[in-house]
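Structures are listed in the sections that come next.
Shared between the two complexes below is chain A, which pairs with chain B and chain C, respectively.
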Partner chain A sequence: MDVYASGPLLELNKAIPSFDESGLPPVPFSMKLMPGECMVVEARDIGHSTMFADLCSGLVPLDGGAVRFMGLDWADLGDRELNALRGRIGRVTHRASWPEFVPIHLAIVLQQLHHTTRQIDDLVQDAANLAERFGLPGLPTESPSFLPEDDLLRASCVRAFLGQPHLLLLEDPVEGGPAELSNSFLAAITEARDRGAGVIWLVRNNAVWQEYRQGITATWRLADDGLVAVRMG
Partner chain B sequence: MSEENSQSTQSSAPPTDTTRDPVLAGQAEGGRVFAPIQWAFGKVGWIGRLTRRQARFLLIMLGASWGVIFESFRAHSWRRTVRYEFISTMNSIIRGGLVATMFAGVLTGVAAVSQVIYWLGLTGLATMTGSILINIVVREIAPILVGVLLLGRNGMLSTTELGLLSIGGEIRSMQAVGIDPFLLLVLPRTLAFTVAGFTLGILFSFASLVTGYVMSRMSGVINNPVWVFLDDVATAMSGTDYIIIPLKFITVGFVVGLGGCLTGLTATNEDSLRTLLPRGFSRGMLIVMVVSVLFSLDL
Partner chain C sequence: MSSEEIIDPTVQHDASVRRVLLHMVLPFVLIIMTVVAIAWVGINSYRTTSEGVSVLTRELLDATQQYIGQEVGDYIAPSAAGNLIAGGMIEHAPPLVSDKVFYSYGSTMLQKIPQLQSFYLADDQGNFTLITRSSTKDVQDHVRLVTEPDGKKVFQHTLYNAMGQKVGQHDVPANDYDPRTRPWYKNTANKDTIQWTQPYLFPSDKQFVMTSSLRFKRDDGHEMVFATNISLNELSAFLDKIKIGKTGSAMIVDANGRIIAGRNLMQHAQAAGWDPDKMVLDPKVYPVFALGYDHYRVRGFGPKQVEWDGKTYIAMASALPRYSQGWILLIAAPENDFGSFAHQSSRQSLQFAAIVTVFSLLLGGLYIRQLRKTEAVNRRLAVQHAQVAQESGALQQVAVTPQLFDPTAEPLVITEQLAQVAGARRASLWRFLHDGAAMVCDDTYDRTQNTHSGGFEMGREELGKLFEAIEEGTSFFVGNAATDERTTRFERLVMREASTHALAVYPVRGPHGALGMLALEEPIMLPHLQYFVELMASIAGTRFAAQGALEAHQGAVGDGAGLPAPAATLGVTKSDNLLMRAEEMAAVTGASIYPAVAVLVVSFSDPVVEGNKETTTLIALINQLATQVQSVAHEEQLFAVEVAGHRMICMAGCTTEPDHTALFRLANAALKMRETFMAALAAADLEPVFTMGMDFGPAFGGAVGQAPTVFNLWGQTVSLAELMAESAIDPGTIQVTERVYASLRDRYLFRSRGSFFVPHLGLGRAYTLAARR
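Right after this comes the complex of A and B.
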């Protein structure tokens, strides 16, 4: 992964999300995420977490302001550029994301197969290594409906971290997930940050990230009046 | 007694409100005076909404048709994920539909071709056999039956799969990581249907003609060898037929595939399989018939 070092990796500059399209409060959102930083965003509502991640990915239309990723305003880009840029984002989402007719192993490497020209053997090897790190016995090959919920969470992590993405939008897989996932998840975050990736970790309660407290750069709360900075006392 | 009181209170409440509120009173008065005009506006609005709703899918189809053709000529569109989807869908349609198509062709041969040959033989018009077979079986019946088979076997499957992905949110999740569902799903599937439509259409025609010949030979109506029969058929084809017939198979496959994918992709949260499948089937049938009729018009 070539490290992006020419300013904020992600910047929300008084971005007002369309309420009709997202359900997010139509107030200005402002924040900056530098390469290598990890930001926690607390949101009680899972739907709001997902929509905030969509906002960062340029999927939510804006009534004002701008959202920039790697210095590029999502609103200025054509479809091809948008999709290419989104290919550099790794996501763990609470929204349904496993197509039933695609086997899990293919769904895991799908983003990389689509956006890169890396050899499929290399991708599968990387995915298998990540799968073992996240506690899976190997790369699962079943249909998503045959996989237990915990293993689907692990597979979500594998998919998000595969291909060394520049930005990680992680809707918390730790809370409610298997206990042993926490360590490997935090280790993967640290490793990603070390190579210059930015991380936004969306959590429902602040107990989840306390274990990683020293590594958190900033904490925000997603409230009715927008993004509110939380003091890390 | 108390019910009567409450009824009288309810019935008397609106006039009291409107007389107290000048805006409501004005609206109520206006509503009484201009009721026929409002009724007419309402009806015109209803016709407009109906027209827009019906035209919407047609416009989406036209736009998406151009999109598929345009994107299919761009090298960047043919990523390995798109190639994989194209090949797997094409294999699924052709391999899965081969037996059903050949069987339908044989049945058509038995029912239609042998009858045509028999009656033409009786009326002394046996020399027109090839021409009539081409015009009826290959040009008219084959595209419709192949279209229906494609729709039933694979078109509805695409509608269901893409519809469930749209309703469930998986399509949005794909978009979030830069995977364009049009490029990944609609483009390769539509082109796979196109190739399959041509392949199965030709196989269907061949099966029906050969079966018709066998049936007629067995019943003693014709005594020519099979290659003479096929030569008659080929001779009866005009130059235009060599373009129109394959074009019809290709177009039927294209529109069935595209229609199925778009019906699924345009599903909303209010949709379910109960609404999606009938809509997909009726649209598919309509599309097949429209294409068939358009190609049959002698413009």
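Right after this comes the complex of A and C.
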């Protein structure tokens, strides 16, 4: 992964999400995420977290302002470029995101298979390493419905971190997930940041990230009046 | 863009609708519009011209028809009008001079008007006089019907020359000739207007002749008929001569369709056996005239378009003027004769349109080509801008690195940024040692694996050519390092392990010559890259120079200080980390393969301790757990229990012959240990902080080392047991492999976790051991 060093990795510039499409408050959202930074966004509503991640991914139509990722305005890109750019984002989402028609291992490597020319053997090797790291005995090959909830969370992490994405939009897998996942998750975040990736960690309460407090560069709260900066005490 | 990405989103691809519209569709649309406009103008021009030609043609034909009508009128007029004049003259002349008047008139008319053939004068008493041209040129034949004294009738011929002098006389028997029985006489009966006979042939001189006659009453009360023979041959000759368009012709037919005059009249007459009644319009001979005549009969007079043999003709029928007894003038001419210039004009327009179209296409092509070239240049500029931005970023990264020029600090950032900017698989820094006798790799960065390595050393004997090339001070690039004599050995020794082929070498120069080199494997040699690499080489040169000075200083200090005293000999280690060992272990002297070893790995997570008191409590707990493990291990007759950090490895069945009870014993031990650990941890108010993993299968094991000699077990079985422990689904659970499950499923209860793929091991299922049945 080449480090992006030409300004903010992700920039919300007075972006007003469409309320009808997202349910997010139709107020200007502004923030910047530099490469290597880790930002915590607190949102009580899981649906809002997902929509905010969608907003960052250019999936929410805007009534005003702009969302730029790696200097590119989502609104200015064609479909091919949009999809390719989204290939640089790793996501853990609470929204059901596992297709039933492919087994988990394929669903994990699917994004990289689609967006890159990487050999499937390399991808499987990387995915298996990540799976081991996140506490799986290997790369799960079952259908998603046969996998326990905790293992699905682990698989989500594998999928998110596979391919060394530039941006990680992580809807907290730690809270309510297996306890031992926390260490692997934090280690993976740290390693990604060392590579120059930006991380947005969407949490429901601030207890989750306290363990990683020193590594957090900014904290925001997603409230009814938009994105509010939270002073880190 | 990552080299593995299929689409680079940072590049605005050509697929944007606007670009396609602007660069491809617009020129094509313009070209097509140009072509359509030219075609439209051409078609309109052609139509206008055609209509104009049609109108012009009709007007021309009208004019021609009027002209021919006039000519025909003029041709016939002497005959008809002459009858009236001569009739009037003779009517009122005294009978004695009427012959004189007749001859005088006839002679003059025959001399002046060539189409007139002869004149007749007959009366109701059977007298008959005739004046005609003789077969001799300029000699007229005056004929009188005379009754001889013997009662025989003769034609008395008297020949006069042009001067009016009598040049000969002879008689020809007239037999019973009576002028009153002739058609020209009879058709005037009870009529005082000019009457015409049907055309008939004078076989003697091959003349088609018609006779116009007028009856009048002389002053003495006798009725006389004056008749004029007019030749149609002259009319045909006139029609033959007249030009209508290029190949058009005219024909006169009577109301019954019999040919009166026209082109090739004589041939037609001959074909008809010299019978005027058979000289009708034959469609085989005159197809166009026949069509025109048919059109006339159906639709009346006027110009008509007829098609014959794929060609369009204009056929025009019109009535001839007075005296003509219902004659019809037929004119036929190919439309092309009049419209050929329009066709030519259209052809020229078409050629012009084709030329304009070709030029338009050419211009359109040039326009598109120019756009594409501009785009390519823009892309190159964008790439250069991106490169400059990337180099600036990389330079910034290098600049902000602390201790960049400190030779004791690792120069990792230089190789990393070099590899990034150059897109190289590996970037390495090599420094000359021992005054250039050898070269050591300070750092090699592998971009694909994101790893650093270094410390390799190569001598001048091995890489003499490369050393010389570096010392020359010129950078060079070789596409295949294996084939270039300067880099062959370098490729074999360094590059082959990474399967790289292309190599770029940049000498690192110092104040006194080359200090080393900077090598890029599989670089993307972009233009201007050299400046950045040279800059990095200069930084490396500064580092090398400082490093050389430092080593020289350390060498001087080292020589004086000498080596430190060797460490005191360590005593024999009393513990070999085995919590429990079976007595059989004493017999183990070397390494062996054990075909059926059961391995249990217990992994504890690191506890969080915040004070000495907690530490003491924790150590006591650990000690308690260890004691309980020993107890369980003895109970289940395990082979050994090894402690390593936060892991514990329990093994059973380390015998060269398979021990089928080993797995059961170990499973029992695992369940007992889990129960014991849970209870102990619960008593200490701690969460279960351990996971357990089991596998069963062949393993290598044996005593290793000397004083002390320790027992160790390794192999896939141990690795898998560790993996099972590390990846157990929940704390306090025992995760086992499929092999363990297959062996124990009759006696123990398991929960399946699903199937998993592990590279090099393949697909397998993982189970959680729950309890005994």
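Just so it is clear, the second predicted complex is superposed on the first by the 233 of 233 C-alpha atoms of A that agree within 3 Å, B and C clash if a C-alpha of one lies under 4 Å from a C-alpha of the other, contacts with A are read in each partner's own complex, and residues count from 1 in each chain.
The rule we apply is simple: contacts are C-beta pairs under 8 Å (C-beta built on N, C-alpha and C of every residue); 3 or more make two chains touch, one makes a residue touch a chain.
All values derive from a computational prediction rather than experimental measurement.
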Chain B versus chain C as contact partner of A:Gly196, first or second or both or neither: neither
First (chain B), second (chain C), both or neither touched by A:Ser97: first
Broader residue contact with chain A after superposition on the shared chain, chain B or chain C: C
Touched partner set for A:Leu82, first chain B, second chain C, both or neither: both
First (chain B), second (chain C), both or neither touched by A:Gln111: first
Which of chain B and chain C A:Gly36 touches, first, second, both or neither: neither
Contacts of A:Gly23 with chain B and chain C, given as first, second, both or neither: neither
First, second, both or neither for A:Leu147, with chain B first and chain C second: second
Contacts of A:Gly215 with chain B and chain C, given as first, second, both or neither: neither
Contact residues common to both interfaces of chain A (with chain B and with chain C): 80, 82-85, 87-88, 115
Chain C residues within the chain A interface of the complex: 1-2, 4-13, 15-16, 389-390, 393-394, 396-397, 420, 450, 605, 687, 691, 723-724, 726-731, 735, 753-759, 761, 763-764, 766
For the chain A and chain B complex, residues of the former touching the latter: 53-54, 57, 59, 79-80, 82-91, 93, 95-101, 110-111, 113-115, 120
Chain C contact footprint on chain A (complex, rising order): 1-3, 5-6, 70-72, 77-78, 80-85, 87-88, 105, 115-118, 124-125, 128, 131-132, 135-142, 146-148, 150-151, 178-180, 195
Contacting residues of chain B [partner chain A, same complex]: 76, 79-81, 84, 161, 164-165, 168-170, 172-180, 184
